Every structure is written in C-alpha cells, then in structure tokens.
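Shared chain: subunit A. Partners: subunit B in the first complex, subunit C in the second.
Up next is the complex of A and B:
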C-alpha cells in the first residue's frame, strides 16, 4: 500500500512539476515537451494505480498529440524558441487567483468528502482489458460509437476549416500573378 | 488505501488549478489549448482514482476515461483547425488581436 502511495505521489509530483514548467518557460517548444512529460507522468500514475490499459493508452496518445503540438508551435508562434523573451500572458493576477481557488476548492472537497469504503484489490490487467472490451461492445456501445463518430466529425470539420476559402477576389489575384 | 486516493485527488486538483491558470492567462491559442489539456488531465486522474479505489467492479468508470480522452482529441483537432484558419486570415493566433470575434 505504501509503495503504491509512494509511486503515485512521485509521478503526481512529476506531473505537477512539468505542468508548472509548461507556463514558466519562454520557449514554446519546451512548453510542448513539458506538457508531454506531464501527460506521460499522468499515464505512469495510472500504471501505479494498476490501470494498465488506460496508462499505456494515455502515454501513447499524448506522445503523438504533443509531438503534433510542438510542430504547430514552431509554425504559428512569433518566437517559438523564446529567444526574444516576449511576455505572452495577460490578466495574470486574476488567472493565478482563479487557479488557486479552483485547486483549493477541489482539495477541500477531496479531504472533507466521505468517500465510503475503499477497495484494496483491483482486477488484474488481462481481466480489466477483457471486461472493458465487453463493456465497450455491450452496455456502453452507443457511447463508444458516439465517441467514434464525434472524432470523425471533428476530423472532417477541422480539415474543412483549414482548407483556404476560394473567393472570386482570390481567384482574380491568382490569375493576375500567373 | 484512502491515502493513495487522497494523493491522486490532490494531484488531480493541482493539475486542474494549473490548467485554469494557463487557459486564462495565456494570449496564444495553442498555449490556451495546453491549459485545457491540463484541466482534462486533472479530470482523468480523478476518474481513474475513483474507478480504482471506489468502484473497480464497474467498468463504466474506465468508459468515462475513454470519453474524456476523446474530448481531448476532439479539442486538439478542432483547435488546430481554427488556429490554421485564423493564422491564414490574420497571420497570427494571438487572442489579444482577436477582439473582432466578440459577438
């Protein structure tokens, strides 16, 4: 029990530490990498809590997602390397206040709520994966299918939004240059 | 065992707080999305802890985690789509310069 608490705490501290680095560094690429490490630490917390399938899924998904985010950072930021020391923040005091209040309220609830009896034993990894598969293709199939269709819709919507709009003025400009 | 649950919940709460700070304080669209990712990561930690320590017999908890992961992926896809459109139209994804989007 203490070993589990130790590892959950260590990975939790790593997730929080890298989470702070995301908004502390002036280099945006470093921010993306810090977020990758933070999300990986969250995945390791899942592994420490004996939720193997979701832990591996979190690490694999976030590794891909944050690599793409780093590429977008380089594409869109005015100063991706942070060499110019630009300040990219606003309403700092209000944001710090909101963050502290949000975290504080959640911590107070965590300590004061009556969580009821806590289970010591978790099903083993193979059993969990099997039971989750049955859940996905059984009782929760509609939710699972809805999630899949939502991702497909988002992919199509994102591609449609990203394609440049061909207006008459644009076409005329293009013809002029040719 | 309650100790591990409390450690996980406090970690989730702090990640949520950092995410709220990031989403409110950053001026760049991609950095705001990073804040939202941290908020959702905090929610994920709580969901996994609740499943593991309170209801390991019910797999609806793990299903909920998959739904939140879907929300993360959708948020990234739509966010980057909007970022590309905005960058193409205005040459920047700075939210300070996006006052014209106000309704």
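Up next is the complex of A and C:
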C-alpha cells in the first residue's frame, strides 16, 4: 500500500517535472519529447495504480503521437532548435492567472468530490483487459466507432486539402518526383 | 534469477550474431572479434560534436539499449523462464519498441549534424510504414490464443505453429520486424554510403559501442518475438525448451541478416506505398481469415 502510494507520487512528480520542462525550453524537439516523457510518467502512474492495460496503452500511444507532433513543430516553427534565442511566449500574465485558477479549481474539486468507496482489491490484469474489451464492444461501441469514423474522415479531408491542385505548370514537377 | 539467465542468454545471442555478421561480411570466422571491437570502442576518443543537444546525445544510445532489453523482458525462453509474464505481454512489447523511434529521433537531433538529423526523421516515416504491420499480425496471434500473455500464446501453438496457421501474418510480421530493427534493406536511418551513417554518423568511441550493442540486441529481441508469436516458442522434440527457443531465435536473426545481404535498400516512398497499399489490406485479410478459422475450426 505504501509502496504503491510512493510510486504513484514519484511518477506524478516526474510527470509534473517534465511538464515544466515543456515550457522552460525553447527547443521545439526538447519540448515535444518532454511532453512525451511527461505522458509516459502518467502511463507509469496507471501501472502503479494496477491498471496494467491502460498504462501500457498510454505508454505505447504517446511515443508515436508526440514524435509526430515534434516533426510538425520543427516544420512550422521559425526557430525549432531554440538556438536563435527567440521568445515564443505571449500573454504571460493572463496565462499565469489562468493556470493558477485552473489548478486551484482542480485541487478543490479533487478534495470536495465524493469519489465513492475505495475498492479494496483491484481485479487481476487479465480480468481488467477482458472487462475493457467487453465494455468497448458493448455499451461504448457506438461512441468509439463514431469517434473513429470522425477522425478517419478528418484525416482523409486533411490529406485531400494538402494535395496541391494539379495545373499544367506543376504537372511536369509531379512526374519528376514520382 | 530469471532476470540474470535471460540477460546472459541475450548477451550470448548478441555475441553469436555479431560473429555470424562478421563471418558473412569478411568471410573469416573470428569468435573474439566482437569482444575486441567492443574493447577498441572503449579505448577510442569519444568525440562530442559542436553545440549538441547534450541530453539527447547522451540519452539516445542508452535508451535504445534499454527498450531492446525491456522488449525481451516479456518474451519467454521456457514455460517459467521469463522476466515478467505480464497479462498484457503482447501489447507491452509494442509499447517498449515504440521507444526505438524516440531513441532514434534523439540520436538524430542530438548531435546537431545534417546527416544524423535526416536519418532520425527518416525513421519516423519508416515507423508510419511498418507500425501497422507489427500490431495487426500480433492481433491475429492474440485472437488465436485468446490472450495477450506471451506464455499462453506459445502454449496455443502446441501441435500447430502459427507460421502454418497464419503464414500471411508471419511474412508481414517478419518484414515489419526487419524494418523496426532498421536492418538492410530497411536501413534508411543509417543508410551507409548514402547518408554517411545517418544516426550513427556523429557517434564515436563508447557511445558508438553502446549504439551497436543496442542495435544487435534489438535484432535478437525481434527474432525472439518472431519465435514466440509464430515459431512455437519453446516447443520442439528431444532438446530442453530453452535450447529450442535459443536455436529458433538465432535462426530467425541470421535469416534477417541474410535477407538484408541480398536485397537492395528500399526507397522511403516505396516502403510507404507497399506497406499501406499492399501490407495493410493483407494484414486485414489475415485477421479475417484467422477470425474465421478460430470460429469454425474447433
């Protein structure tokens, strides 16, 4: 019990620490990878709380997602390496205010909410995986399928928008690259 | 105890693989060569390039080694010889090996060199090509075993190995595993002769030694995964279970090396096209066929 609380705390602090690094660095790649490791630490918190499937899934998904975000940040930011000393922050006072208020609200809710009785014994990991699968293919199926199809539609639409309109001027270039 | 045994087996396999690799490239069988070259790396100057991202530069080789070992932690050598028999083993190995990408992006970005950076980002493109072909065949394997536990997956192949039950899945997984381990013909992030070593280019001395060790460990881990998922793991006559696991793992690793020696390096765009237009439909077909077999055949 104490060991569990200890590891949840350690990974929680690691998640916050990496989260701070995201904003303390001006290198876009460092920032993206700090966010990645912050999310990995959240995944480790899941593991410490005996939710094995969710933890492993979180750790797996974040590696690729954040890496892809990193390349987009490199492509679109003017100073991706942070070596030009560019300040990329803005609206500092408003952000600090908003951050403090949001954190305060979250802490108040966490302490005041009725979380219900604490489960004495977590079901074993294989049972959790099974229960999750039955949930995903039962009650929650419609929600997840709708979300999935919506994301797929957005991806196809984004790709369609990104493909340049072919004109006679650039058709020769296109053939070269093919 | 299992931890030590599996690590020793992993190191031994890496050494054997390095010997075989040297044999196929130089034509001479020199069992001491990997050790000597490892010692030589320790003795050489370890140069740090100008204005590196020091954290990434130092972390990348170690991270690559750690994820390769973590991947091996859920793969059983024998019914009880496994470091962590997780309830989500088949998913865990994907989670561990997803960080190969993170390590390579770090190794590419860290040294502040053009070739290294191109190599690192190239692997991101490579991941988008191969990732589905790792996950979808494993899904079909888990469907047959009705479990994500790696020891149960091996148990489900008693009598009929998955290479016979789902040959399509095996072919796809084998190719994708080679792409994940960035062995030739999928060695786009290093691309010797084209990118001057790519992510390896700026590493020297001890750091290069760790990077090379990590690459070979990754090959062994993936060969072991192929063995567990498709070649019946420890099943086999006469010899003890762990011996069969090791023999099969080494056979798969060597076949990966051999396949790489006789094939030209594939282009990034071609890899992406083949994986998405041919690989993924075939992987879906594999899932459907396995699903039908699981439902129909008792």
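Quick note on the criterion: the second predicted complex is superposed on the first by the 164 of 178 C-alpha atoms of A that agree within 3 Å, B and C clash if a C-alpha of one lies under 4 Å from a C-alpha of the other, contacts with A are read in each partner's own complex, and residues count from 1 in each chain.
What we mean here is this: contacts are C-beta pairs under 8 Å (C-beta built on N, C-alpha and C of every residue); 3 or more make two chains touch, one makes a residue touch a chain.
Note that this is a predicted model, so its numbers are computed, not measured.
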Combined model on subunit A: subunit C and subunit B, fit or clash: fit
Which of subunit B and subunit C A:68 touches, first, second, both or neither: both
Contacts of A:57 with subunit B and subunit C, given as first, second, both or neither: both
Subunit B versus subunit C as contact partner of A:123, first or second or both or neither: first
Partner chain in contact with A:111 - subunit B first, subunit C second, else both or neither: first
Subunit B or subunit C, by number of subunit A residues touched: B
Subunit B versus subunit C as contact partner of A:42, first or second or both or neither: first
Which superposed partner A:161 touches (first subunit B, second subunit C, both, neither): first
Overlay on shared chain A, then closest C-alpha pair between subunit B and subunit C (Å): 14
Subunit B/subunit C common contact set on subunit A: 53, 57, 68, 128
Residue ranges of subunit A touching subunit C (in the complex, touch as defined): 27, 29-30, 33, 36, 52-53, 56-57, 59-60, 63-64, 67-68, 70-71, 74, 81, 83, 124-126, 128-129
Subunit B contact footprint on subunit A (complex, rising order): 1, 4-5, 8-9, 12-13, 15-16, 19-20, 22-23, 28, 31-32, 35, 38-39, 42, 45-46, 49-51, 53-54, 57-58, 61, 65, 68-69, 72-73, 75-78, 88-92, 94-96, 98-100, 102-104, 106-107, 110-111, 115-116, 118-123, 128, 131-132, 134-136, 139-140, 143-144, 147, 150-151, 154-155, 157-162, 164
Footprint of subunit A on subunit B - complex, ascending: 1-22, 24-31, 33-35, 37-38, 41-42, 44-45, 48-49, 51-56, 59-60, 62-63, 65-67, 69-70, 72-74, 76-78, 80-85, 87-88, 92-94, 96
In the complex, subunit C residues that touch subunit A: 51, 53, 55-56, 86-88, 91-92, 94-95, 98-99, 101-102, 105-106, 109, 112, 121, 124, 127, 131, 147-149
